[in-house]
Every structure is written in C-alpha cells, then in structure tokens.
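Presented below is the structure to which this report refers.
All chains are identified by letter, namely A, B, C and D, in their written order; residue positions are counted from 1 within each chain.
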Amino acid sequence: MKSLTGKTLLAIATLTYLFMWVPTITLIVFSFSNDKLGIRWEGFTLKWYAEIFNNAAVRNALEMSLIIAITTIVVSTLAGTVTAYGLYKYKFRGKEVIRMSLLLPIVMPYIVTAGALLVFFTRVVDIPLGYPSILIAHISFSTPLAVFIVLGRMQRIDWTLEEASMDLGAGRLTTWRRITLPLLMPAVIASAVLIFPWSFSDFTITFFVAGVGNTTLPIYVYSALRWGETAAVNAIGAIFVALPLIGLLLMNFFQKKRVI
Amino acid sequence: MENRESIPCVELRNLVKRFPGVTAVDHVSLKVEKGKVFSLLGPSGCGKTTALRIIAGLETMDEGDVLIDGKVINDVPAYKRDCSIVFQTLALFPHMTVEANVSYGLEQRKVPKDEIRKRVGEIIDLMGLGGMEKRRPSQLSGGQQQRVALARSLILSPKVLLLDEPLASLDRKLRKGMQVELKRIQREVGITFLYVTHDQKEALSLSDTIAVMDKGKLEQVGTPEEIYETPRTKRVADFIGASNIFPGKVIASGNGKVQLETEGGSRVIALENKDIRSEEVTGISVHPELVEVLPEGTGLEGDNRFRGKIVEMIYQGDFIETKICLDQTGGLITSYLNSRLGRETQFSPGEEVLVHWSPESSNILLG
Amino acid sequence: MKRKILLIPLALLLAISLVATGCAPAPEKVAYEGYVASLPEGCEPVPPECFEQAIEEGELYIYEWAEWWPDDIFDGFSEEFGIEVSRDYFASTEEVKTKFALYPETPYDLVTGLGISDAYPLQEAGAAGQINPDWIPNVLEYMPEELIEMEHDPGMQYSVPTDMYFTSYVYNKELVDDPRIPSWSVLFEPAEEFYGKVTLWDEIHEVIGAALKYLGYDYYSDNEAELMEARDLLLEVKPHLLVFDSWPRGLLLGDEAWISGLWYGDGWFLNDEYEAIVPALPTEGTNLGIDLAIHPIGSANPAAAHLFLNYLFRPEVNALHIESIWYPPVHTAVLELLPEEFLKVIALPEGYLAKCDPFDPRAVTGRGLELRIEIFEELKR
Amino acid sequence: MPRGACPERHEILRYAQNDTKRRAGNDKGMFFGSFQTAFRIVGEMPGNLREKIRKYLAKQAHLPSVGPVSIWTILFVIAPLGFILYFSFLTAGDFGQILPIFTLENYQALARPVVAEVFLRTLLFSLATTMICLLLGYPLAYFIVMYGGRWRIHLLLLVILPEWTSYLIRLYAIRMLSGRAGLINSALLSLGLISSPLGILYNPSAVVLTLVYGWLPLMVLPVYASLVGLNPSLLEASADLGATPFRRFFTVTLPLTKGGILAGIILVFIPCIGDWLVPLLMGGTKTFMAGNLVYLHFISAANIPAGSTIGVALTAIVLIIMYLCIKAGGKEATERII
C-alpha cells in the first residue's frame, strides 16, 4: 500500500466509509443523549432504550417488523434457493423469460409496485390487507434477490460433488441436505443478510399494503417522526447496527483464524 | 480366456447416448472381467467418460443395456448401484474432513457406527493416510487428495470401481507413483477397475484389457500387447503411438505373405493372416522402433527396403526420433534409433539412408 | 467461518423478537350496573345492549395520527371496559382517503383526526358507516347543536366531531418582527429577510385554501378565476420557500423555519414546548375546521366504537384529549376543566368565527378538485 | 388530471354500494373466480387428455423447483402490473373510486410539460447519483479486494451493516446531522470555518447525496463480486507485458468488470428513478421527482387511474434502461446482479 495508487485508494475508501457510517454513528451517540429531539447532547441516559420496551406502540411496531422480516427471510431464501436450483440445473423453454421476469420486482419503481399491489389486493383479488398482503409483497420482492445470489454461487460450485454423493449411495434428499445445501449455505446466508434490511426497513410498499393492526416500525417512524420525538427511534436504530457488530466482534474474538 | 464361462462383472450391450448434434456413445458393447483392470482409452471427447457415467447411473442412455454381475441395471438409480466412481476432479466434499468424506458412503448404507470406524481406520491405513483424518481436503496435497478419493470409493467394496482419469490432475512424477500405487491397491483389494484415460502409456502399464474408443465407437478391445503390437485400425494405430501408417490395398498374396500397394505407390510386404480377408485391408502400420535405418551403401534387395533422406533427428534421451523422407513417395517415416547405436552409425540430417523393416513388423490395418 | 459469523446476529434478532413479544393481561369482565354507577356526574350511559355487545367484542381498532392523542385515553378505556385497543398510524389523511376509496370495508372501527375535506369524500365513497345515535347519548349530550346539524352530514349520521382546527400560521417571535402580523401576507408575501425561512403545508386544501383566503375569496372556492389568482400567488412565493412540509416541527424547533403555515392548535402545542413560536390567527379569516371521527362500514366492533365515542365525551376524558393536542374543543362542558393557560387557545377575537368559512363540498368535487390538483401539481413540480 | 364528469351523488353512491355488495357477497373476485373455472375445466376433461397432460408434466422435471416461484411471479408481480396498465385506461371518480369508463385522457395528459420536467429531473438526479456511486463505490470495492486480505469479508460487511438500520431512521439521522442546528454546522461553526450555518438540506444536492448514501452498497456489492472473480494472473500478465498500472486498469480490469459495473448501475439507477421519500424528506421546493408525482396522483389526489398512468410510463422508462444495460453488458450484467 506504499504506492500512490494505494494511498489514494485508502483515502477514498476511508472517506467513503466515513460517509456511510457518520449518520449511523451519530444515531448511536445521540441515542444516549437526554435531549428528546435527539439533536443535542444533553447528558448520558439509557432511558430511550427503556422507552422501547415501555412504549407499547414502538414495541408492537418492532415486533411486527421482526415477524415480517423473519418470515420473509425464511420463505424467500427457501423459495429462492429451490428456484435457483431449478434455473441452474434444468434446460427448458421459457427459462430466460423466467429469469427476466424475476428481475422485474427488483427494478420496478417501489412506488409503482406499491400502488399496483394495493390496487391488486383490494380491487382484483380479495386478499385482506394485513399480514397476508404485506408478506406477499415482501416475499415477491425478496425471493428474486435470493434467487440471483444463490444462482451466482451455483455457478461457482463443483457439481460433481452432488454426483459423487449419489454415487456413494446417498439419495436425492440426503444429497441435498448433506452436500448441496452446505455448499450453497454461504449464498443462502448472504441473501438472508441482504433481505433482512430490505424487508425490515421497507416503508413504501409496506405503507401502501398494510392493513389493520400492521403498523410496522418504518410506518411508525414515518408517522411519528414527522411530528413526534426521535430519541427512542434512535435507540432502535442503534440496536440494529450494534447487534450484528457485536456479533461480529464476538465471533472474531472466539474464533481462531481458521480458514474455510 | 475364451474357455472361462464366468459372468462378466460389467457388460454393456449396444449402448447408445446422443447429445444434441453428436452421438457420444455409438452402439458400444463390451464385457469387463471380474477382478481385472479394464481401460477405456481414447482421445478426449471420444465418449469414454459418458460411457463411464452411464455405468455409474449419472447419465441415462438412449438405447442399450448396462449389466452388472449379469443383471440389467438400466433403471437402478445411481445411489443404489453397486459401483463407485472416482471423478477426474476427485469431488471431495470441501466442507467435510477426510474421515467424514471416507465414511460418507457407509453412513448412507446405514452401517453401524463401530463398523464404520473400524473400516475407515483400515482403509486409511491401506491408503497411507494416517494422521490426516481431521484435515479438510483443501489442506491436503494432490496425491493425498487422490488417495482420499480412492479410499472413499473403495471402502464401499463396490463390484466395480469406475475411475475417470483420476490421475489427470497430478504432475508427471506423482502420476507415475500413483500408477504403481493403484496397481498395488487393486491387487490387494481385488476389485474390478474400469479405468478411463486418454494417456496410452498409463493404459498400457495399468490394464489387463484395453478398449480403444473413438468418436463414440469402440475401435478395438484387447490386451495391452495386442493393442500395442497389432492395432486393428488406423485410428487405434495412430492413438497408440505407431506413427508410421501407410494406407494401401492388397495387390497380391502368397507364401504366407501379402503385398500391398500404398497410396504413394510403394509396395510393402506383411505376413498373411488367415482371419483377414484381403478386401478389408486398408493399410499397414509400423512402430517406429521396428524401423531400421541403414547406411546408404546397403543393398536394396529384400522386403520393405526403401531409399530416403534424413530430414530431422530429435534427441529424446533413450532414443533418437529420426524422420526420413522416402525418395519414392516423398512421404515421411519415423524411426526410433537407439541412442548409442545412433552415435555409432553417426547418421546426420541430410544424409541419404536406407530404411527397412521386416514383414513381421508390418501390422495390417482394417479400418 | 463466515457463515457462523453471520448466524449470530440473526440469532440475536430472533432472541429480541421473542423478548419483545410480551403478553397482554387478560381483561376482566365488567358489569353494566357497575359501569352505570361509576359514570361521572352528568354523563349518559350507553344502552345495555350496546354495552353488552361492546364487552363481547372485546377489541377496538383505531386508525389515527401517531403521537397525537394521549395514550392515557386509550389506556383508561381499556382498563375500564377490558377492551383491547389496537392502534395504527397514518402519516397523512390523504393516505386514509385512498385506502378507503380502494377498499371501503377496511376493518377499522374508528378513524380519527380527519378534517371535513377528508371525511366527506370517505362518506360519499360509501366507506363511512352509519352512526347509531341511540348508542352515543353522551356525545349528543355535550355536542353543540350546530355541529350535529352540519351541512355536509346533517344529523351526525356518518361522522362525529372531536375537536376544531383553524388553518393558520406560526412565526418565531424572536426572529420575525413584521408589523403585518397576523395577516396572511406575512406568509404569502414574506419580507425579503425571511426568504428561505418560510414553509407551507404539503397538503392540497390547506395551501390553496389559505391562499384563497388571503386574496379575499372563499376558502373552499371553486371559481376558476379565483383559483388561478391563488395559483399565481403561490407560484410567486414558491422560490422563497424552504420546503413544503405539513409538520415542520423539527424545522421550527431548530430555528430553520421562522414562518410556517400550520394549524392553529399545533401552533399552541409547539408554543408549549418552545416559547418563541407563536401561532397567528390571520386577520383575513380562515376556515372553520372540524376534526371528525368516522366509523367505517368494515368495522367488526361497532358497539366498542360507539362505547369509545361515548367515553371520549366524558368531560374529564375530553379535557385530557384537548389538553394534550391544544386544539379548541367541541365539547360544551370541557372548558371549566381546562387549565387557565388554555384560555389563550380559545380566546378568539370578537366576531372572528364570522370570518371563517365552513366546509363546502365544492372544493373536493368536480371542477374545484380538478383545478386544485392542477395547481398543486404546478406548485410542487 | 381528467376525472369523470362529476356524476350525480346518487349515482356515485349506487356505484359504491354495488361495489360493496359485490365484495360482501359470495363473489370471490374476478381473479379467484376465473381460477375456479379453470380448475373445473380441468376436472371435466376427458380421461385421455388428462393422461396426456399428466405425461407432459412428468417430462417437465424443472417444474417442482421453478414452478412455484414462476406462478407466484405471475400472480403477484406480473398480474398487478397488468392491472395497473388496465386501470390506467379508466376514469377516476371524485372520491377515489375507479369508474369503469374507458378513456385515453390519462395518456394524453402525459404530454403535460410538468411530466416532462419532472421525469427529466428524475433522470438527471438518478444519473448524478449513479455516477457518484460509481466513483465512490468502485475504488472502495477495488480497495477491499486488493488490500482487504483476510479482512475482506469484514470490510464488505461494514458496507452492508448500516443498511440494517431502517432507511427512514437513517434519513432522519441525516436530517438532524445536517440541519442548521445539526452536528455538521455546529462543528464547522466552532472550528470557525463558516460564520453562519450552511443550508445543507432542502436542495437538489442534498437529495442526490442522500440517494448516494442510500444506494452506495448496491454499487459496491456487484463490483466487488466481479473484482473478486477476476483472475489475478491476468493483471500480472498485463504488467509483465509492460503496461503501466494506469493503463492496466483501463485496458484489463475495467473491461473485465464491466458486468459488475452494469449490474451496479442497474441496482442504483433504477431504484433512484422510483424514489420519493428522499426528495420528500431532504428536498426543498425544486426536487420533485417522478415517484412524488405518482404519489401526488395516487395518494394526494386519490386518482388511481392517473397515478397508474404515470406509474406505467415510469416502469416503461425503467424497463428500457434495463434493456439497454443488459444489451451493453450481456448476460453478465444480470448474472452479477447481486
């Protein structure tokens, strides 16, 4: 890294990281500030963290968002993995069409999708606005993400391993469970890691298709922050950055430098 | 060989496999004897790997039957077939230890844990892998990985072990060592090996029987000696390394000899073979090491003597690859001269010489 | 290694989601006699059949502004009747309008905080359910006669007023010194020194209505010439604006906005928090806004909804409501319960109400609506 | 925007009531209804035809894996889009109803100068955002790949992790950070770099920078993936042939990572086109974007057909851009999409 290029790259990278992290760091810092607007530093407090558990609205919204995000992750990664497998393994007519139509949910403007789904759910099919509509919307969106991530991994996998397993006497299912899935796992987890923030913080689509009793965290934040206080919301934001960070650090600490 | 009435370990009957635009396996029938090493030899893309994969059940055939131990197993899925394949890429499970890799097959067969442990221990000893049990494949050398792959298949005591160019990824020296090792292991466990390779030397040194394939068709089946010394067709002759091939027609026969006229117009003599009808003959081949080079002064009398000029001499260590341009036809003939002899006779490029080989050395080609 | 690292945060997430899922205590059944007996003096009970049904229903779904009405009202209601209240929040009433237009039987029991220009289209689109007057004796008891007989909903069939609002503006009295206060001109023709410190609502009816009013026309006008004049005025002021924001609280508190179009009640609400900010009642007059609660046709708990409306009109509950939102009340008996300082909120200049325009459907239908949307689009582009 | 000539009140009420009745009754909606019919038709088929279908299905080994998601996509992605297209030809009632009156007016209305202006601004903002993302994201990804060593994954996670906090919460964090009383201004003031607070927010550059902030990770990820996939010996080879690092980058690295770059462009540019929250929260009075226009008609004006029409136009633009990107980048662009 002694070269000029190296130094320039380091500088750009550092600045970019700073750019990406400053808002989050501010958020974490001010989540400990006594100022209820979350703008100024007015002494250390933990009360906003307590507030998360005391304020029923915040707690319900958080719970709702987590349930939706976790369900979405589970269904989408499963469906995405299975679909990617089919797309990779079989040759059939219409494969390209399917691949391209899977791009649609990723590239469509959110607000158009949101409107389309709202109209579709209310005017065309009678799918109740609520968990069903939100989950359908989230899964429709996240599954393609998982498909493409897993598909990417599949292109780098040695597929004779699967044949080797069958040759050694393992049936299709056992092979899936013991060989294919472990090999795909990094991609499955990568999709979960990307789907979580997407589903957890989606506002536009959820906001449109949410029904009775479905105030998710982003909806609450949007509704409350336009007028209300921000400090408790800062605390929630802080938790969601801090948790994975702490997890990472712990893992690093306990794990000897083992290579996969 | 013929008088033994045993059931072949593996038998293919009229096997056909078509891929879009190409017939990979074209009506192949063969029998693999129990306890022997049988090689499928051929250039890459000749369909040998496809045939192997069909036997393993990893590919379905379009026509024909596969039999193991006399039973048709066309519809038996891969995981129920009594054979095991060692892949060219080895296909060791990267996320499992050596031990887990080796015991994988036994676990699928629901073998009791104690027995698995015992058999894994045995095979690891046999393979000389002691101490590597807990390592992952990525932490092993190429040769060690090879052994793990072998152990993983052998531990199942399959009726036949299918090897798909297993040594291709090793360097030359390691490959030599592994060939010897393979032979030893095969003798020790007594399992039938069906070996796919494109390396004729490997096939010659390892096999009891060799089947040469080209473009999906079986060209010739025989012992290594038969294949080497009497290749039946141009393609086999070419592939096995007999680089002197003279296409031609039989023009006369008698006295236990046949006379052919090559496309260039020379006459060559070969021994007559009762089994061969002369219309079928398409030419002859001569191994370069059987081609003698004589100083120019030597007489032209006798069979298979031709005048020529040395165009190239390539020192190959134990022999000198000498290319001679024949005066009569302008064609090239290759001779492997013994290095020492070569020095003694002191041929040099550009020199006019006489080439000669005995009629016994002429091998009649049929296709 | 990578995959184990990533599993930990996921596991932690799962863990907190489990912790966060608390259990609500099982509500106790309440007897009608106890309810009637415990009613504060002067309050009317709902009839027994409504009460029994409400207890039976046991839940109430409300759609409202976040962080607006105090939690105490809902907690008190839940505690007294053992009815679980579940609330969802909208960020603008327009959103409510669209959702109900597309799906009129969205199963909320009550939607609160709607202005008449929001509630009227809902009513006309068939989304507002009939309110049973027999089940809200306490509301009728304290509701002024003129609010029961409003033109757009005579007899209070589809909506119940909960409080009043005026479209107005606020200014920071320490930063803004303009002799024209409290005229609308401060907002619509700001002095040069305030360029970039002025905000207007991000809402069609407020921004256009207020401009019309400043020009001396009816707040709900559908006259094309008048509306075009309002458009020209707005386009003229647009370059001097900071943003269009209906809720510029953060901007006002951070001294980023000095003059903001805002509802009168919210002005006092902010004043309570930041003393420099004061609302102005425009001399030209404004609209006479009524906040309404509607009872959607999709409601699954009609009795609980009526019981809640009845409960909301108990004077001390209403006082809680009014005190926390700082909006003028519609309840006739709540004034004496409010603190002294609240008088400033309701102390209107003599005859001011006469200058305020009551709702007129012309603004939300036909040409009036069409022109408004055109103007708004032109303004926002 | 056009609306139906204001129908008499009783007509509207009748429409609303009929509509409500339809939903309340046994009618399962046109969609499920047609499904039922389809099932019935299949059930009534003669046996040999059913047998044929069964045989055909038996050949389609990919169906169990690809089928469910394909059906899902048709049902919940393509069908809603189709209906938006359908609704864009209808007329809106005064109170948000969709009246089944066919009209082309919504499309004629797309010719308004407002639409052109807003769409152009949207494209401009999105383009600027994408360029900045590329200029920041590519070096970052390059840095991680070349110098990350065994910290690569960690460095990459540091790019993704901020995403784990709700986008909205972070938007508000930026607002409080960049406001007049915010941290940036107070820091600059106390350092004496400025004499009065800067107006950082509520202008076009605030919108673009916030969009960059939001979408940067989606540029870094595909570029990172394509850089990791590069064979390092290629770089060495070109160095061996005497290429300077600079030339080497432009003649070898950049062309070979084209797929990743195009995927990044797709992933950043396209969401930007549809964004409406950032201009709403960060923008001033001159940052109205296409997403906001959809919102205005769809929600503020409750005119579903008009909102649908703009949405359809927006989707068409997005699809054209994606088509161009895929054409330029070949299959790789879609394969590297994440």
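We adopt the following convention: contacts are C-beta pairs under 8 Å (C-beta built on N, C-alpha and C of every residue); 3 or more make two chains touch, one makes a residue touch a chain.
The model shown is predicted, which means the values in this text are computed figures rather than measured ones.
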Farthest chain relative to chain B (centres taken as mean CA coordinates): C
Pair of chains whose C-beta contact count is the highest in the structure: A-D
Centre-to-centre distance between chain D and chain B (centres being mean Cα positions), rounded to whole Å: 59
Between chain A and chain C, centroid-to-centroid distance (C-alpha), Å: 35
Chain C and chain D, separation of their C-alpha mean positions in angstrom: 33
Rounded Å distance, chain A centre to chain B centre (Cα mean): 55
Touching two or more other chains - residues of chain A: 37, 39, 119, 123, 193, 196, 222, 243-244, 248, 252, 259-260
Touching two or more other chains - residue numbers and ranges from chain C: 2, 5, 9, 95, 102, 250, 254
Multi-partner residues of chain B (each touching 2 or more other chains): none
Contacting chain pairs - touch in the sense defined above: A-B, A-C, A-D, C-D
Contact footprint of chain A on chain D as seen in their complex: 23, 28-32, 60-62, 64-70, 72-74, 76-81, 83-84, 87, 98, 136-137, 139-140, 142-144, 146-147, 150, 154, 157-170, 172-174, 176-177, 179, 181-183, 213, 216-217, 225, 245, 266-267, 270-271, 273-277, 290-291, 294-295, 298, 304, 307-308, 311-312, 314-315, 318-319, 322, 334-338
Partner chain C, residues of chain D touching it in the complex: 1-3, 6, 9, 12-13, 16-17, 19-20, 23-24, 93-97, 114, 117-118, 153, 164, 175-176, 179-182, 199, 202, 283-285, 288, 292-293, 296-304
Touching residues on chain A, where the partner in the complex is chain D: 1, 3, 5-6, 8-10, 12-13, 16-17, 19-24, 26-27, 30, 37-40, 79-80, 82-83, 85-87, 89-90, 92, 95, 98-113, 115-117, 119-120, 123-126, 136-137, 139-140, 143, 145, 147-149, 151-152, 155, 191, 193-194, 196-197, 200-201, 203-204, 217-218, 221-222, 225, 230, 233-234, 236-238, 240-241, 243-245, 248, 252, 257
Touching residues on chain B, where the partner in the complex is chain A: 56-58, 77-81, 83-85, 87, 89, 91-95, 104-105, 108-109, 138, 152-153, 156
List of chain C residues in touch with chain A within their complex: 1-10, 12-14, 16-17, 20-22, 61, 63, 65-68, 71, 86-91, 95, 99, 102-103, 106-108, 246-247, 249-250, 253-254
